[in-house]
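In what comes next, subunit A is part of two complexes: it sits with subunit B in the first one and with subunit C in the second one.
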Partner chain A sequence: MSKRDYTEFNLGPQHPALKEPETFRVVVEGERIVKAEAILGHTHRGIEKVAEQRDYNKALYLAERICGICSFAHNANFARAVEFVADVEVPERAQYLRVLVAELERLHSHMLWLGVLAHEIGFDTFYFLVWNDRELVMDALETLTGNRVNYGMNDIGGVRADLTPDIKGLLMRKLDELGPRLEKIKEIALKNKTVISRTKGVGVISNELARKTCVTGPTARSSGINWDLRRDQPYFAYGDLDFDVKVSTDGDVYSKITLRIEELFESMRIIQQVLEHLPEGRIKTDVRGKLDGSAVSRIEAPRGENFHYVDFRNSKEPYRMKVRAPTYANVVSSVEVLVGHYISDIPVIVAANDPCFSCTDRTLVIDRDTERYQILTAKELRKLSIETTKEEIM
Partner chain B sequence: MLIIELIKNLFRRPETVKYPYETEGLNFPERLRALHIIDQESCIGCRKCARACPAYVIEMVPLTEDELEARTEKIKKKKVKPVIDLTACIFCGVCEDVCPTDCLNLTNHIVLPSGDKEELEVGD
Partner chain C sequence: MKSITNWSRQKSLWLLHMNTGSCNGCDIEILAALTARLDAERFGVKLVGSPRHADVLVCTGPVTIKMMDAVKKTYAQMPEPKFVVVVGSCGSTGGVFRGGYNIYDGVEKAIPVDLYIPGCPPKPEAVIMGVAKLIEKLNGGS
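On to the complex of A and B.
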């Protein structure tokens, strides 16, 4: 076959099917994809660098703004990392309240994802149905924390707002209303012909590929990797709560839908338990003064494993803050599975991983003299980091 | 299943509220963090809110001659007052938390759009 039969085109950075600016450079032969490559970096905002100029109380609100959907996951993860450095114990009630907001966030994030996926497969009726029901969760979050997104619920050492009996009653009512609606969503999603024909057998991430590309969260669990930080390395109050981790082995987009819907019901179960067994007591331990030391915190965000590293050197401002959002791990797998599929499957496969590119884009290497930027390979990055560390030690 | 849902929807009340022409059905929770109100008569000008603000939008502005004269016994040492720039505010509510006299509060009043930038400064 001559070279002329191949066509290369860029999908994005501005494309109606992609919700955030990112580019997929795709080589196609007719309608079929032969090669794909993801180019990230369009939404780089320099949050890690900005955090180095703010004390930990202010950087907390910056961490919240890394992502609009899993804002609590980033915020709580940063707070947890700082609490490790400060060596404080967070009150039990605050731990339970953190679980409550984290699970409400998982509910709204998974429902948002389901709506977006329905839109990508051209099933907008379902999209509106799901998003309409999602409003119940958003209202609950707004009443509890004071905002629909960027809740501002966490503080270093605890939480800022308590659960009053009035709000507890309202949350109970909302959950009672949501339960039957989720059943309905489940029935439509799993039985509808449109959903099945567009997602079953599409974008299969095999167990082997999932392990090779180090995917996390629901993407990993849908490929048969039985791993959930909530169960395997319990944080907040997850160790006291009873819930199941759902795993599927198919790895296609349809299995991701079934898995996330199952997770919705598990989240509902966790929320019920938190509301019933919320312990009494304080909701915050004060953290003051300069800190010294570094810590790593990992929590299970709705999209997967969220990683925060902070390093304090006898200061209130972090000397270094490093974030790895789940999409960064998951996007590699979606690029690999694109090969062999049709162009029309690109949005479905990319959306199936629930990508969040504003979370992901934080690293760009720019040469100051030539003003050129480059993407480093793993080998180059390793070499660079060894050199930098050596220089720092010397 | 979906067809039953579609038929039901034909007779259902629309979920969308035509805000701002209608406000019925909208609910603004008590904890909602929106427009600030500052009671300048009980503010002591301690600068705590300005120091704590994560978005650096609270500026401590010197009092005018008239304002200096109008100070009551309670705030006789006050020389500066907080002015909040709502265009860059992130509505986190930290200023409310740190205020020692409880004179700075976030209300649940969300109607903020304005064509005039000066209208979006609270406290002046």
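On to the complex of A and C.
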């Protein structure tokens, strides 16, 4: 293998279809990847610093806008950390309502991911199908909280919106409608030849690698790490609810699909239980005045473990706020896994971890030998991915 | 000549979506506007992968320092006539992130903007309405 065989190119930072800009610098030999490197920080907005100038009621809404997909996870996690500092008891009904929104969010996030993955392998019919069904979940969220994306559901000490009988009836109807549709999605995802040929055995994260790179969430569970904060360190009302934590040992992209689909059904189960056993009572305890002390809160976001740290020094504004989102842990594993795969597998592997980015646009191919520049667009890269799909099923 | 081009584009605006540092909220709502339920493609609106194919640059996010160059370059690569639509509050004014050390408080600091769709995030219906307004603006022969 001489040096002239290598080609180095940048993926990103911009992607036409989805999500955040991030760059991957990839070295390839022919079509095979020999080295990959992630360059992060394109969406760094300095939220932790901005939060230091806002009091905790305002910082709550700032925390929500860390991510638009797992907005409730960040929002609730920040609220929980502040509640620890203020040492208040959150009413039981509020705890149940938080579980309700968190699980609805997990439904919408997992379905979003499934659609994106289908799009990356060129199976757009499935993508549209899943996203159409996802709208049911979005309707449920909008009815309950008033918003589709940034719900503004939490308040320090409780929640802001109550579940009235009317809303409950509407929610039940939506979920009844969603059940059979999820079954259909499951059938397509697990049996379709296109999906299987492009995902089975691709991007395998071994148990060893998963432990080494400290992955979290569904990525960890698909590599045989049996860890879910909802069960292992119950928060909100999860301790009272009955659900299973699904684990797979294959570690490939296909096992991530099956795992997330199983989790969809578990989320449905949790939501049913919450709607049936919602306790009566208040939904909020007031928190006022200055706070002193620090606290850590961890919850299981749709993508993995979400960590918030707040420090108050006799003030309403946090002296320090620190956030660690699950993608930051998971992206390391996808970079390691890319090595040895084909260029056309990049979108699939990178998307498989459900990162908060999926960037494959404006690929710059530099041939080291001739110093010839070639710019590949994401469209071309996706075309390459689709061609591979076609070849595999032929 | 420009009015003829504008007239021909009324029914098929091709969008290039660019995340300039947003939280993904607006991005998934733009996609929701394009997928099955609302199906903006019936108006001839579709997402394209390359700036060279695009008529409209759809920006979300307050423009971080690292994205500033990329935004300018992408805008420069688009063929004339080109339009810029900003989706979301933080892309318009900085929104909740206003005053942050790593952002420019709005897309207008980087490139000229034709249309703002405020909201955090705007509903998919609002995104479609924004596109309809842009088509209206083209009708006016701007």
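Here are some notes:
Convention: the second predicted complex is superposed on the first by the 351 of 394 C-alpha atoms of A that agree within 3 Å, B and C clash if a C-alpha of one lies under 4 Å from a C-alpha of the other, contacts with A are read in each partner's own complex, and residues count from 1 in each chain.
Assume a contact is a pair of C-beta atoms (placed from the backbone, for glycine too) under 8 Å apart; a residue touches a chain by one contact, two chains touch by 3 or more.
None of the values given here were measured: they were computed from a predicted structure.
In the superposition on chain A, no contact is made by A:Val339 with either subunit B or subunit C. Using the contact criterion defined above for the overlaid structures, shared-chain residue A:Thr43 touches subunit C, although it does not reach subunit B. By the touch criterion stated above, A:Gln53 is placed in contact with subunit C alone, subunit B being left untouched.
Of the two partner chains placed by the overlay, only subunit B lies in contact with A:Phe126; subunit C stays clear of it. In the overlay built on the shared chain, the residue A:Asn150 is in contact with subunit B and with subunit C. Legend: residue contacts after superposition of the two complexes on their common chain; A:Leu190 is shown touching neither subunit B nor subunit C. A simple residue count on subunit A separates subunit B from subunit C, and the partner touching more is C.
Legend: residue contacts after superposition of the two complexes on their common chain; A:Tyr61 is shown touching both subunit B and subunit C. In the superposition on chain A, A:Leu112 makes contact with subunit C only, not with subunit B. Overlaid on A, the two complexes show subunit B and subunit C touching the same residues of subunit A, namely 61-62, 65, 129, 132, 135, 150. Against subunit A, in their complex, subunit B makes its touches with residues 1-2, 5-6, 15, 27, 29, 31-33, 52, 54-55, 90-94, 97. The touching residues of subunit A, when paired with subunit C in their complex, are 13-21, 41-47, 49-50, 53, 61-62, 65-69, 71, 112, 115, 127-129, 131-132, 135, 138, 148-150, 356, 361-362, 377-380, 382. By the touch criterion stated above, subunit A contacts subunit B in their complex at residues 54, 57-58, 60-62, 65, 125-126, 129, 132, 135, 139, 142-147, 150, 152, 160-161, 184, 187-188, 191-192.
Chain contact summary for the complex, subunit C toward subunit A: residues 16-29, 31-32, 35-37, 47-50, 61-62, 64, 66-67, 70, 74, 90, 95-97, 99-103, 120-121, 123.
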